[in-house]
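Okay, so chain A shows up in both of these, paired with chain B first and chain C after.
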Partner chain A sequence: MSRVVTNPFLEEVLNDMNGDQVLQCYQCGTCTGSCPMIEQMQYGPRKILSMIQLGMEEEVLKSPDIWFCVSCYSCTNRCPREIPITRLMGTLRKMAIARGWAKHHEVNFGNAFATTIKNHGRIYESAMMARYFITAMDIKGLIALAPIGIKMFLKGKIPLLPDNIKKPKSMQPLCEIQEKE
Partner chain B sequence: MKFAYYPGCSLTKLEKEFDLSTRASFAKLGIELIELEDWNCCGTVHMDTCSPNADIMLSGRNLAIAEAMELDTVVAPCSGCYLNLQLARNSFKNTPKLKDQMNANLQDGLQLNKDIRVMHPLYTLIYDYGLEKIKEQVVSPLEGWKVASYSGCMLTRPKDIYDSPENPTGLDDLAITLGAEVVDFDMKAKCCGGSLATSHIKIASEMTGNILSSAKKADAQVVSLACPMCHTVLDGYQNIAGRILKEELEIPVLYFTQLLGLALGLKPKELGIDRHMTSAKPLVSMI
Partner chain C sequence: MEKQNDQQKNLRIGVYICHCGSNIASVVTPSEVVEYAQTLPGVVVAKEHHYMCSDPGQSLIINDIKELGLDRVVVGACSVAMHEPTFQACLAEAGLNPFMFQMANIREHASWVHSHEKEAATEKAKDIVASSVAKVRHVLPLERFKVPVTKRALIIGGGIAGITAALDLADMEIDTYLVEKSPTIGGKMSQLDKTFPTMDCSICIEAPKMVDVSKNKNIHLITYAEVKEVNGYIGNFQVKVERKPRFVLPDLCTGCGLCEEVCPVSVPNEFEEGLGPRKAIYVPMAQAVPSVYTIDRDACIECYKCVEACGDLQAINFAEEPEEINLDVGTIIVATGYDTWDPSPIEEYGFNRFENVTTMMEIERLHCAGGPTLGDFVRPSDSKLPKSLGLIQCVGSRDKRYNEYCSGFCCMYTIKNAMILKWLYPEIDITIFRIDIRAPGKTYEEFYERARDAGIHFVQGRPGEIREDPITKNLIVRADNLSLGKPMEYEFEMVGLATAAVASEGAIELGRTLTVSNDTHGWFIESHPKLKPIDTATEGIYLAGSAQGPKDIPQSVGQGSAAAGRAARVLSHDQWEIDPIVAYVHEERCLNASGGKCDKCLQACPYGAVICKPGSGEASFIVSAKCQGCGTCVAECPNNAITQHHFTDGQILAQVHALLDEKPEEKVLAYTCRWCSGMGADNAGVSHFEYPANTRNILVMCAGRVDSDFVMESFRMGAGSVLVSGCHPQDCHYIDGRNHAEDRMQKLHTQLEKMGISPDRFRLESVSATEGAKWATIMKEMSETVKNLGPEKIKIENEKARPQLTKKLKRMVDAPGVSDAISADELIIFKGEEQLKEKKLSSEKDIVKEVEK
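For the complex of A and B:
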């Protein structure tokens, strides 16, 4: 099957296994109507798909929408064109990071999370939270979360020591496989 | 009946009560759970900063551990872990290249060659064990309990394998089997916002509050659920959610395995019911 594509951003998305279906979108809006995060978004998934088709690279990758996606798969479940929209959002997040355009508290959280997995192989909440609040400088969040955190600690829910896998170094290669079709 | 058991990170400490109650109630039913040796994090939904498919690769290693232990089914109580294992299983079937890449990056002699079946304990109870057989063993029916079964999102993904994402019934069917009454409420399959619980506390609290509010308006006395992230926010964020919505939202939030354990005659402490942020004492004393 041959196709003529004149915009490089669309081509890049189409070449990713999570994005190869974007031309299937016929703008029905079921995804946006299903999204629990729509109130936080600037465009919503329907417009994001249209903007990808139009090659609006910067608008898509700088939008808060790709970071507010909570990966609930409601849009993917309901999409009549079977576009894996949730997985596509992950690919867009990665593209935004590669271009240095990712500026959102979720980016700091994602980085803190991924570092924890590469260091320990399992989640270690204490280190992950410390890394997040320091890198994001999220003082407001820290103050809001403090009372809950203290109560959780008293309930024995916050680990003092990490629960590492035997060889945490074995995680890095698995975490960093980059798949292109 | 014997299965591989993948507790996942949340169940080791933060939500230990889900682990305690799953192990205790399954042991009581005679279902053997064998913990995967040296399992790793499933990748959750936060690994895109490394690779958009890191969740599939990390979950693939856990499937390979099950194969090495010669077990054909993995049971994963955390619905996030459960979904990632299902996604890995499906992705490896549909795109064998992904499996080859994963295998090439596995260490310690692990390799995934077989198709390992993935189950959530709720579906194990319904499809492998049978609710009728559970009913016969109920010694303390949950009479008079009005339960709001909250499925959330991950438990019914990928869609329609074991339950409907639009109108899920699995948790309700179990609660009824245990002698409880179930209430219908609008938010039973809506996202709790749990993945934003650290980075966007206000948004997550508001979403959580809407679920609690919907359950309370339906006259529920307790919320039953199957996901540690949902439990962390629904149980732990009640005060902050109540302040935001300007509503009284206090309600005990229990795991379905705790309801099961209580009905099977296990003690609340064995099921970790004392570990919740919102006390379930008055409710449990009704038994």
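For the complex of A and C:
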């Protein structure tokens, strides 16, 4: 039977390669029951899927949940409906950015991380944290993390100068593919 | 030329046009159709009547047959499904072979769907009648042939379904063989403690039936045996059964058990789900039928203590060999049941890793009074009564990764186990994790309510994972509680998994042996999901119980009786009539006869009716009694060596020629199967779904019968567009006939496109018997395509493709019966173009030679 969907957000998700299975969800709760980040989330993956089915675009894309997913793939591996939930979260993050709704600190953190990798080829803590705190204006976070940061710096865990890989630019094509996806 | 042929044959065809009150006459003008029919070759009389199906209408035909000496009849009225049998009976009454008849459907296919185009509808009615007359000129008298019936039945599988079927057949005085794979009959039901929703003791109600089987003079019980080979057809199956050696002689063994006492070897007992031990010499359970010991030679250390213990009885024979038993039976009932799924692949539930995670069947044995603990319910890690128990549903069922289907009875057996435990040990706290509860059986919902009343907790939410506390061996179940909308952790002393039911081991292999299809999960497929749920596509083989799909006990028993009824329907006859619309091989044309290697017919046949030995020098042979008459092999045969009675190449091509005689470029020609698409087109008529009148139908038994050559010939004749329409893949009346058609037509589509035929002009569709609206839509779309392209463009395309088509179709012309059906003029075209081409080639060569000079 041909599918007739009358709500635009659901249709948009269904048209994405990671979202074409969302109507298969029968709300068993395996994903939420598996999620290690569930304490941080407002809804959890099961409700997110239900909200997508109901077309609750704003609530889904503005929720912190999509940014707290740590891509452990537990939900995807255990889902009896074979819905690629982890990848779907990525799709939702992209949608949130495209609509300019991605206000959460996680976005800035992700961007800071990606830029550092692009520039240095590997993680360079000082630059990444600086970039994050500047773009996010996360003063509270800075104060909260300062003591541990100082400790790490004193123990030599946060280098002053970047320790680039041999060809930092060789990472750039990979980063571009990632951005496209 | 055509007329001369007919005069030689001296055909006497009668055409009768029905008004159907005003149903036909208000749109189609019957007198015009009658007038037209009279001009058709071979027609000696054409008449009209208000109601052809009425007594006077039928008498009209009968009288004409007798008085005018008619030898063939066409009735232009309603659908094949509606009145073909009526008029065939008419012919039979007048002493004519009922197959000398054709129905021309001018109601569902014309008057009911073209009410706004009365003139075009009349033209279409004329074409339909012409097509039927063209076919009826080539039909031959056919006789339903009869095969003898061996009045014996075979039942494979001795679970409750097989037992029921055997007892029912035996009551009808039918000799019945019951073959069981394991040492005892009883099946899964014998392993259960109690049955839902009545809480009867399972073995207490089954054991008397098992004993009845062993006592019944009409039942021959063959246990510890497997069906190895099946040949033959309905009424005449030859079955090879291999009885495995028990190493204990059933006639001498008294079941005293002295041997078991002395046997030093202990292995896990399968009957107890491995929870208890059994000896190497064993009976699976106390109520086993036959109550005879069996030696498990894989476990036996050959100390021969059992031989000593048996003493003078001398019932033990270590030299016993497998025995081959040959049976001749008339029908076969497959009742092979199901297996429980091993939940190890679901790693997050830790089955096999955590001692206290068990399956529901293990729990069943643990609280059964006849079980390994004699009914003391304990958990495996410390053999203590668990104070809390978590039961998880849908483990491996409704799960796309493992088994997509719902196993049906798990909800109820989980609730049943919870109820038994709550009843025996009120102090156990029981929680059932469910996605849904499915309780649609009689009094099942009430049973579920009783469970709630009894204090069993139901949590909606499928657990994500189970962890084990390494010290207490308790289990922490993490699940999203849907009612509260938050994930929670629950601690249980023991967990039970309601595992899926899967097709029994060896089901697919048995399917191959029987030429009965299994679905992707291994369940046997019924002939029709609604109207023939007991039959298989192979006549004479029936299904009972869970072999067909998960079933609970009442359903299995019901189906066991039903299968016995279906089998007895055949076995109560001395002879069984078989439909004559079957395929047969023209031996001299078969490639294998001339040493070739071809097995296309074998590949095409879904019923194993073809005996084909590529490279043997022997022509393929079709066992008529096994052939179901789809005609797929006929279309697949690369050398046109197979013909289908009543749907010969000649007959179908005669129809094509009749339908495309005038203005072919304006017409849409549809080939439909008899069942889904044909009925779908009729449904469009019954529902009065209007579509354009430039459409024409040709009915075949299955889309699989539609030869690529028919489609090519349609285009060569100048057709505007062509449709091949069959059933949806899962509904094919002939298992996978339409899939063969799909493969064939997709290839043809590319070929035709290369020849310059617009891709929209040839379509393959699936229309079910209820999709009249879809049929009308397709007809509209295709008609639209023809109109948009315009006759000129279509003519140009056809002209361009014609030489290539003619070249390809030359193979068709020398197929049996085709030259009779095609007019002599047409034959000249095929041959003439060949000569022209030869001339052209030779002249080209001459030019080349001249240039060289």
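Here are some notes:
Basically, the second predicted complex is superposed on the first by the 163 of 181 C-alpha atoms of A that agree within 3 Å, B and C clash if a C-alpha of one lies under 4 Å from a C-alpha of the other, contacts with A are read in each partner's own complex, and residues count from 1 in each chain.
The definition used in the following text is that a contact is a pair of C-beta atoms (placed from the backbone, for glycine too) under 8 Å apart; a residue touches a chain by one contact, two chains touch by 3 or more.
Keep in mind that this is a model prediction, so the values were computed, not measured.
When the two complexes are overlaid on their common chain A, residue A:80 makes contact with chain C while staying clear of chain B.
Shared-chain residue A:46: touches chain C; no touch with chain B.
Taking chain B and chain C in turn and counting the residues of chain A each one touches, the greater count comes from B. When the two complexes are overlaid on their common chain A, residue A:38 makes contact with chain C while staying clear of chain B. By the document's definition of touching, of the two partners only chain C reaches A:28; chain B does not.
Common to the chain B and chain C contact sets on chain A are residues 74.
Residues 348, 394, 398-401, 435, 460-465, 478-482, 485, 487 of chain C are the ones touching chain A in the complex. Here chain A touches chain C in the complex through residues 24, 26-35, 38, 44, 46-47, 74-75, 78, 80-82, going by the rule given at the top. By the touch criterion stated above, chain B contacts chain A in their complex at residues 9-10, 12-16, 38-41, 43-54, 57-58, 60-61, 83, 95, 97-98, 101-102, 105-108, 153-154, 157-159, 165, 190-191, 193-196, 198-203, 207, 236-237, 239-240, 275, 277.
Chain contact summary for the complex, chain A toward chain B: residues 16-18, 36-37, 40, 68, 70-74, 77, 87, 90-91, 93-94, 97, 105-111, 113-114, 117-118, 121-123, 125, 129, 132, 136, 138, 141, 144-145, 147-148, 151-152, 155-159, 163, 165-167, 170-171, 173-179.
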